[in-house]
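What follows is subunit A paired twice: with subunit B in the first complex and subunit C in the second.
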Partner chain A sequence: MKVYPVLIKLLFGLLIVLPLVAGLSYALSYSLGLSGLLSKGFTLDYWQKALTSQNLWVSFLYSLSIGLVSVVTSLCIAVSMALSWNKSIQQGRLSYFIFLPLCFPATVMAFLVLQWLSPSGWFSRIAFELGFICSLNDFPNVVRDFYGVGIIFCSVLLITPFFTILMSNIYRNENLLELEKLSKTLGASSRKTLRCVTLPILFKKSKMTLLLFVIFVMSSYEVPLILGRQYPQMVSVAIVQKIQKFNLNDIPLGFAMSVLYVLLVILVLVLFGKPSRKYLKPNIK
Partner chain B sequence: MISKVLKYSFVLAVVFPIVFLLGLSLAQQWQFPEILPQEWTFQHWGNSLFKQGDILESLFLSLGLSLTLASLVSVLAFFMSKYIAYSKYRQQYMRLTLVPYILSPVVLAVTFQYYFTVANLSGNFIGVLIAQLFFALPFGIVIFNNFWNAHLKSIEQLSFTLGASAWQSLLKVILPLSKPAIVLCFFQSFLVSWFEYGLTQFIGLGKVKTLTVMVFNFINEANVFYAALACVMLILPPILLLYLNKRILILAR
Partner chain C sequence: MHKPIITIILICFLGCKTDKNHEKNVDLSDWSVVDAKGQNQSMNMMMWKGDPKINAYMNDFVLPKVKSQYGIDVNIVSGQGNMIVQSLMTELQANKSESEIDLVWINGETFYQLRQIDALYGPWTSVLPNTKYINFDNPFIGKDFQQDIDGYELPWGNVQMTWIYDSAKVKNPPQNKAELLDFAKAHPGQFTFDNHFTGLTFLKSLLISFAENPKELYGDFDEATYQKYSQQIWNYINQLKPYLWQEGEAFPENVPQMHQLFASGEIWFSMSNNDSEVDNKINEGLFQNTARAYVPDFGSIQNSHYLGIPKLSQHKATAMLVANFMISAQAQAHKSKPEVWGDGSILDIENLPENQKQHFQYIAKRRYAPLRSELDQNALMELHPEYMIRLAEDFRTKIINP
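Presenting the complex of A and B:
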């Protein structure tokens, strides 16, 4: 038996499969009352509580809606930018600046949004100086608000540059400029070319990435921690708070939520992840 | 004309956050409704870098952690992805790899934190490094995934036909060809570690004070000037990497 394949399989099992399986097994056993400080043997009480808890479903729906709104908004801005400035993004000076926002971690972007949009923030100060508001309280509450405007704004700032680069690359790789010319030669208007040629190809080629980004935004932690509020909470923040709370009865509930979240993400990937052939298809013949 | 104005506005919008953070880190007093700080100082920079040195310490800790992780991931992902790419179970391996890649690091961290506590790995550098490896390694494998193709395999086989040993083929043929992919994997894994907060805080128990952890501490203390300073420190290395990335990748090609 060769050592090399065994070693690689061992590493794969130890570093990729084991942490996932061990973590989920522990979370599952805790949520079923089989381990932990308050464990009294097998029980489905915590799962029953978790599944009937309004907070949990509100968290999931809230996270999903923030993920969807952020990705759709970013996509609209990114497609407009990629189509209008395609040449500059690929070759010109803009190609340097377009990458710059990617250097901002989520923590830094959330801090910036807090400094800009909070009632005592920079935009509020400008509004005050321009006479739009008379006091701090007059400034609209867009940070730590119910609808998560601050979180969405921050997520849009974080993912739009990435989408712009992605769309610009698809535009070039799929030779969309030539296809657009052909479509116009065949009599289609600019609007029809955009609707029937450009946008469908861009969307088809980026479908999997868009899905992954909805999941990424849904499960983001730093941004809602800085810009979110206590209710409703994004799912990662809700899970961590349940597990870290002083109330020991909440810990199994938090673990049940975490298992449910992992299962939901895997389910979404299995159901909608078919286009991931790009990642999975064998390249070797 | 409108397009030009929009382009310049975009460039301004991209550069503005850096200027804003730099300005805030140099501010001493900034009361509402002043648009610009009333007093400016280099004191925060002096304190952080020379007198107290806590942010400087965090910078070196973060650099050490991210560079170690990036090196580990680049080496492991290179060999593991090669084996996976040539395996008949490639699809199954890649499906398994994608699961930790898309899950929230902090959610998985809370599920396996128990084992870190039992193994005495919570609250120290090694523990955080191992925890980050669990997330960055799948990322590295995904980066390398499409690099291994039929063309590369045929070049490797040709080198064997010409009498090269496995070691010679790796050193003289595969590694030089893999340079851009290795550089990309190194930079991306560096950034994964550099940007990470939730997992580092959870496994590090707040004792492993990376720059992101420091930023959060300063925000919680409402110390915006030091938070801005730590933010500047956080964005400088990625900007440098971005510059190097463009140069090295161009040179490697």
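Presenting the complex of A and C:
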């Protein structure tokens, strides 16, 4: 009997699925007024408030756009690096430099970005000393700004190394170097080879990972807390503030917002992700 | 092969212990029982650990003293306000019979929330021998955010909100709302307030300043009074907004962020709910020694901070012994030294016995903040927590995202 796989599935159920389902059920029952010390019984008020909250939808769209811009920017940098310096990334000293940001927790990276880019940060001080600006507050405002430049910059620093490893591995595993040579032998230019062979394969193989990273950036908490502003707000920060600020009666609304967010993420995954069995069980031949 | 996995699963299930309440049937209204029952135990205290001086006071003074006097080991756990509420609320929702926390450091808004969910043990403070020296008649001590404390929390310290400015850059700090507006227009981007407790305390003092008589706002929350004066606040803040830091489009999330901006020279003003903070931060080297604290003419809010015992605490007697030590003249006097913490005492020092009064002699005066006696003249009372809830919500909808 194959006991080991059964136990693995049991452990997966106990440690991953059960807490997740229990957490979601609890949040749902809280949002419906069925749980909580201040609950007054079943109500749809909090869901109505969540669904009609302009702030919440702005937060969703803002988070989505930050996630998309961060992932696309990282992807461009990672693909460029993977294609330009493929051998150096795998072996050379360059690999240490590129993968260094992997050592930094998100909070530390966010504080570093704050120290670099805030009006009283290093770049601002250098610009002031060099006479480019008349006062520290003349430095362009790129942290706590409306467009989330600081959040995007920090997210790009955090996820680009992952993407570089990913693209570099796909490039090797899919024998893209050989395919590129073949394409050029058949008469395609370097540009056409990149557009019709290299990039489509890289994108196809990494599609699901990219989508998951968009969701990862959308849901991040520490980075937008440190580098973001009060409006617009990333969705995790908005939800935590509802649950943890001064008004205990806002907690069910916070839970309704979080369940709604989970449902939207699942919807996005179902529509665009299609996590096939092939993806979940890669290359078993 | 699969034995380790089965072992892990068994440990997970067998590790779930049954709760027992050690003090369920003990009468803690008798101090001799508390004294006997509370000694030689361990207990957990949850408190804000964001200030090195406060941490040092607890670790280097309170903990060794209660260990040597009562054999009590106090384990300090980091957590404040909402974290305390969330922890105790989770325990109550989970129907736990014992709390992991035995003593909490709280203020009015947390007290309000903990009373809402009935998470505090009480009344217990009158059992403590040292409470006879606390001046409960002082409304800044006997009432917490306009709520009667009813023996459910023990006053531990008293502070007043101050504005902090850089005297090298600001020669005449603004004393009233008109001067503040003029100053902000003349020096755009140099003034702001945070989006958390201290910023809301600033808004509360502004709210009171618009009232013809502050007493109109004292007592329970009143919707009509709030509407009457809050509109004036938002009109005023909207006039001020374009001249605030980042043109009022963003606000520091909390006081540490604001202190950081002040220390780096990005803004010329900061604020603190602790009137001795400026001395502390200069001594720590965070602020330049040109920083000064003051209270504008329209006043600032003075309040006390308290100790509470969770209803489900399993070491209530131990917590009471520790709390009694923390309000002793010796502990309070040490805490009020500027080089230690600089926290105001809640004891009625004039009425202390001579041998205890001597603890308060020879305490060095602070150098960069006005004397407490001067601050007292501009002290405003805390408002009911509902005012803060409404101000926080309206600040979001009328100023941050109008």
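One rule holds for everything that comes next: the second predicted complex is superposed on the first by the 259 of 285 C-alpha atoms of A that agree within 3 Å, B and C clash if a C-alpha of one lies under 4 Å from a C-alpha of the other, contacts with A are read in each partner's own complex, and residues count from 1 in each chain.
As a working rule, a contact is a pair of C-beta atoms (placed from the backbone, for glycine too) under 8 Å apart; a residue touches a chain by one contact, two chains touch by 3 or more.
Given the structure is predicted, the values throughout are model-derived calculations rather than measurements.
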State whether A:220 touches subunit B only (first), subunit C only (second), both chains, or neither. first
Tell me which partner A:265 touches in the superposition: subunit B (first), subunit C (second), both or neither. first
Under the stated touch criterion, which partner chain does A:11 make contact with: subunit B (first), subunit C (second), both, or neither? both
Going by the contact rule stated at the top, is it subunit B or subunit C that touches a larger number of residues on subunit A? B
Examine A:136 and indicate which partner it touches, taking first as subunit B and second as subunit C; both and neither are also allowed. both
Go through the superposed model and pick first if A:182 touches only subunit B, second if only subunit C, both, or neither. neither
Touch check for A:231: first (subunit B), second (subunit C), both, or neither? second
Determine, under the contact definition given at the top, whether A:146 touches first (subunit B), second (subunit C), both, or neither. second
Please work out whether A:102 is in contact with subunit B alone, subunit C alone, both, or neither, and reply first, second, both or neither. first
Could you tell me if A:24 is touching subunit B, subunit C, both of them or neither one (first, second, both, neither)? first
Touching both subunit B and subunit C, residues of subunit A: 4, 8, 11, 120, 136, 225
With touch defined as at the start, can you tell me which subunit C residues reach subunit A in the complex? 1-2, 5-6, 8-9, 12, 82-83, 85-86, 89, 92-93, 109, 113, 116-118, 189, 195, 246, 249-251, 253, 261, 264-266, 385, 388-389, 392-393, 396, 400-401
As the complex stands, subunit A meets subunit C at residues 3-4, 7-8, 10-11, 14, 35-38, 55, 118-120, 136-137, 141, 144-146, 225, 229-231, 244-248
Which stretch or stretches of subunit B touch subunit A in the complex? 3, 6-7, 10-11, 14-15, 17, 20-21, 24, 32-35, 76, 79-80, 83-86, 90-91, 93-100, 102-108, 110-112, 114-115, 133-134, 137-138, 142, 145-146, 148-150, 153, 194-195, 197-198, 202, 212, 215-216, 219, 224, 227-228, 231, 234-235, 238-239, 241-242, 246
Could you please specify the touching residues of subunit A with respect to subunit B in the complex? 4-5, 8, 11-12, 15-17, 19-20, 22-24, 26-27, 81, 84-85, 88, 93-94, 96-109, 111-112, 114-115, 120, 122, 124-126, 128-129, 136, 212, 215-216, 219-222, 225-226, 235-236, 239-240, 243, 254-255, 258-259, 261-262, 265-266, 269, 273, 276, 278-285
